[in-house]
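The same subunit A turns up in both complexes below, where it pairs with subunit B and then with subunit C.
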Partner chain A sequence: MKQIVIACGAGLATSSMVLDKVESVLKQNGIRGRLIQCTLGQVDGYDGTVDLIITTMKVRKKYQTPCITGSAFLTGIGEEEVAQQIVETLKA
Partner chain B sequence: MTFQFDPGLVQVDIVSPTRDDALREVARPLVEQGCVGPTYPDLVCERERNYPTGLPTRGASVALAHADANGGVKGNHVAVGVLRSPVPFANMEDADEELPVRIIFILAMESAHAHLEMLTCMMRLIRDEELLSSLLHLETGDEVCHALNEHITP
Partner chain C sequence: MEFFETVSGAVQYFVDLGSYIFVPILMCVIGLLFGLKPGRAIKAGATVGIGLVGVSLVATLTADSLGPVINRMVEVLNLNLTAIDVGGSPAAAVGFSSLIGAALIVIIILVNIALVALKLTNTVNVDVYNFWYFAITGGIVQLVTGNFWLGVLAGVTHAVLGLKIADIMAHRTQEIIGIPAISIPHGFAAASAPIFLVLDKVYDLIPFFAHKPIEDDDEELEESKGLSHYVSLIFGERIYLGLILGLFFGVVAGYDFKGVADVTIKTAALLELFPMVVKMLVGGLIPISNQAKSFFTKHFPDRQLSIGLDSAVTIGHPVTISVGFLMVPIFMFVAAVLPGNITLPLGEVPFAAFYVCFATIIHRANRRRTICSSLIFIPIVLWISSWAAPFFTQLADAAGMTLVAEGQLATTMAFGDLFILIPTLLAQVPYVGALLLVALMAVAIALGKLLERFYAKEDERFEETIGTESK
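Moving on to the complex of A and B:
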């Protein structure tokens, strides 16, 4: 089971939208995962213990856990590439 | 949620030198029509500074501004403003990047649930490159409102 953190500013709105998309990406690729939704401020607490961090905005901070910006799921621009990146990171 | 844009909240040809001016101008009818409390525009500007909402699209760049809870919101409303010339907004994806925003949406939703539904709906609208580009050439708020309502899908 892969543990994936999905974070946005308030941990409510945009992360919910990205979460729906990530859920379907996992399903399509036969990856079992647990999705954890939180605020950007809470990400630190999960760093190093989860398999992937997806944020709705670019973060300057360097995390131990691989981190992907998931805003493409909001705008639709580059969505395929980000989905691919998520799958590759989780299957690595 | 069945939502329709209200022509009374849609403005075109807005000339604003700065982001805050543009946001206040787009938010003005929300206050005037009692959809939100008088502090709402300030709360929107403040949130925009902390959590930018500029988004690149394949058409014109947009901003999906809103305030966090409170601000005296009554009912569910979206104010729309088409700007005469682009105003720089920070990119939601990367706050250090500036986007030339031409269309501003200000959400004023009564509940978190309605807000999320509206955001989902807005994300579908802003993926429509043709729609966004066409909005820039319309001459009245009524026309913009009509075009948006034609493309809205529940």
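Moving on to the complex of A and C:
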């Protein structure tokens, strides 16, 4: 079971949209995962203890856990590349 | 005549069923209209309804538990803060709990399609959840004028102003935030832009605010561990902030240990539970938003359109984060001393960064400019949200959500929004209200074209001399 944190500014609207897409990416690739939705400020608390962090915005802070920008799921541009990146990170 | 009476009677019966009954039905119909399969449309509608039920359940918590203690605290401190900031999430629920809110979802998407087709905008606003801002503008106008269609027009005006700001600042937003092909037509963030755009021009004249290029070896931009780390750990977590505020309310009100403990946990509960139940509402709107997005990409394949997103995507910028934290205590202090303010900051306090995010973009991450603009912006936010308080309290009551105790008003700092205030004032002008709203939209579209060109040139010059950002 992979643990994935999905964060946005308020932990509400945009992270819900990304969560919706990530859920289907996991399902298509047969990955079992637990998705945790939170605010950007709460990410620190999960850093180092989860398998992947996906943010809806570009974040400059360095995390120990691999971090992917999921904004492509909001704009619809480059969705496939990001989906592939997620799958590769989780399967590595 | 008889026909109209029958129709309006039927509409009245439908609305009187209660928001958590008629809104899900409407959302389901809207879903079908946008091409969702029946199963998904029913689920989307029901999810929105469940969110609304959740909000009205949590609302009793504020009304019954927090209302009295806040009354007492304000009395002890001799403050004039009679309007509680309940936060943006219950305001969203109130916005969508009306006929006008549901109507605006369809109408604004149609207007957006028309404007794109006529090449009057390049932004497609698919952030349907944040349409609640437009619904509130429409709701307030309907309330004060008694005219449903004037309310719709005011809501559309708010949305169009947002699209134009998004267009003007699209390039700079993409550069500073680092996401291609986006813009921010968000009902609040975009409305904060005009003030920041004017201030930016003033700062250009003052040497203290001059832009300086960022050197590669600048260490201070990196997150420094230490004090700021702990500040962000506490302020970044809604639960901690809720506990601290609740403790403060209870102690100041002079409650005994049991009373203080009760208020402490319930304030934290309030800050955490509202967003949690509103998440359902968001979930129900996602399918509609996805359908709209695919419509635009399918029908305008050769246009370079910007996808309009929630300002939440801009919150990751380090300047926005640090200035946002700085504003948390300042919001509290200014609210206490500002003449004419009746808003008690509470529900929106954890989201202070949202009040700063567009300043960061417009000022190109120049920290001095962003701080100064935020300080100037705070009183404006508080005044406008105080003005909106009596209207919002009535809208919430009409939606069956009692958010505050008897004699108190409900508001939220998220109403500190010029694009709610200005259309409402214009709509109230007798006879020509509708005309003035249309004129405002026309001016915004015409001026928008000019400003787009102006800022494109300015950005080009800036990127040649200083770079994307300054410090």
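Going forward, the second predicted complex is superposed on the first by the 92 of 92 C-alpha atoms of A that agree within 3 Å, B and C clash if a C-alpha of one lies under 4 Å from a C-alpha of the other, contacts with A are read in each partner's own complex, and residues count from 1 in each chain.
As a working rule, contacts are C-beta pairs under 8 Å (C-beta built on N, C-alpha and C of every residue); 3 or more make two chains touch, one makes a residue touch a chain.
Note that the structure is predicted; figures quoted are calculated from it, not measured.
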First, second, both or neither for A:Thr39, with subunit B first and subunit C second: second
Touching partner for A:Lys58 - first (subunit B), second (subunit C), both, neither: both
Contacts of A:Gly11 with subunit B and subunit C, given as first, second, both or neither: second
Partner chain(s) touched by A:Gln85 [first = subunit B, second = subunit C, both, neither]: neither
Superposed model, subunit A: greater residue contact from subunit B or subunit C: C
On subunit A, positions contacted by subunit B and by subunit C: 9-10, 12-14, 16-17, 56-58, 69, 71, 74-77
Contact set on subunit C toward subunit A in their complex: 89, 127, 129-130, 177-182, 223, 232-233, 235-238, 275, 278-279, 282-283, 286, 289, 293-294, 297, 307, 309-318, 321, 351, 353-354, 357
Contacting residues of subunit A [partner subunit C, same complex]: 8-17, 20, 37, 39-42, 44-45, 55-61, 69, 71, 74-77
Partner subunit B, residues of subunit A touching it in the complex: 9-10, 12-14, 16-17, 56-58, 69, 71, 74-77
Contact footprint of subunit A on subunit B as seen in their complex: 50-52, 55-58, 68, 92-96, 112, 115-116, 119-120, 123, 126-127
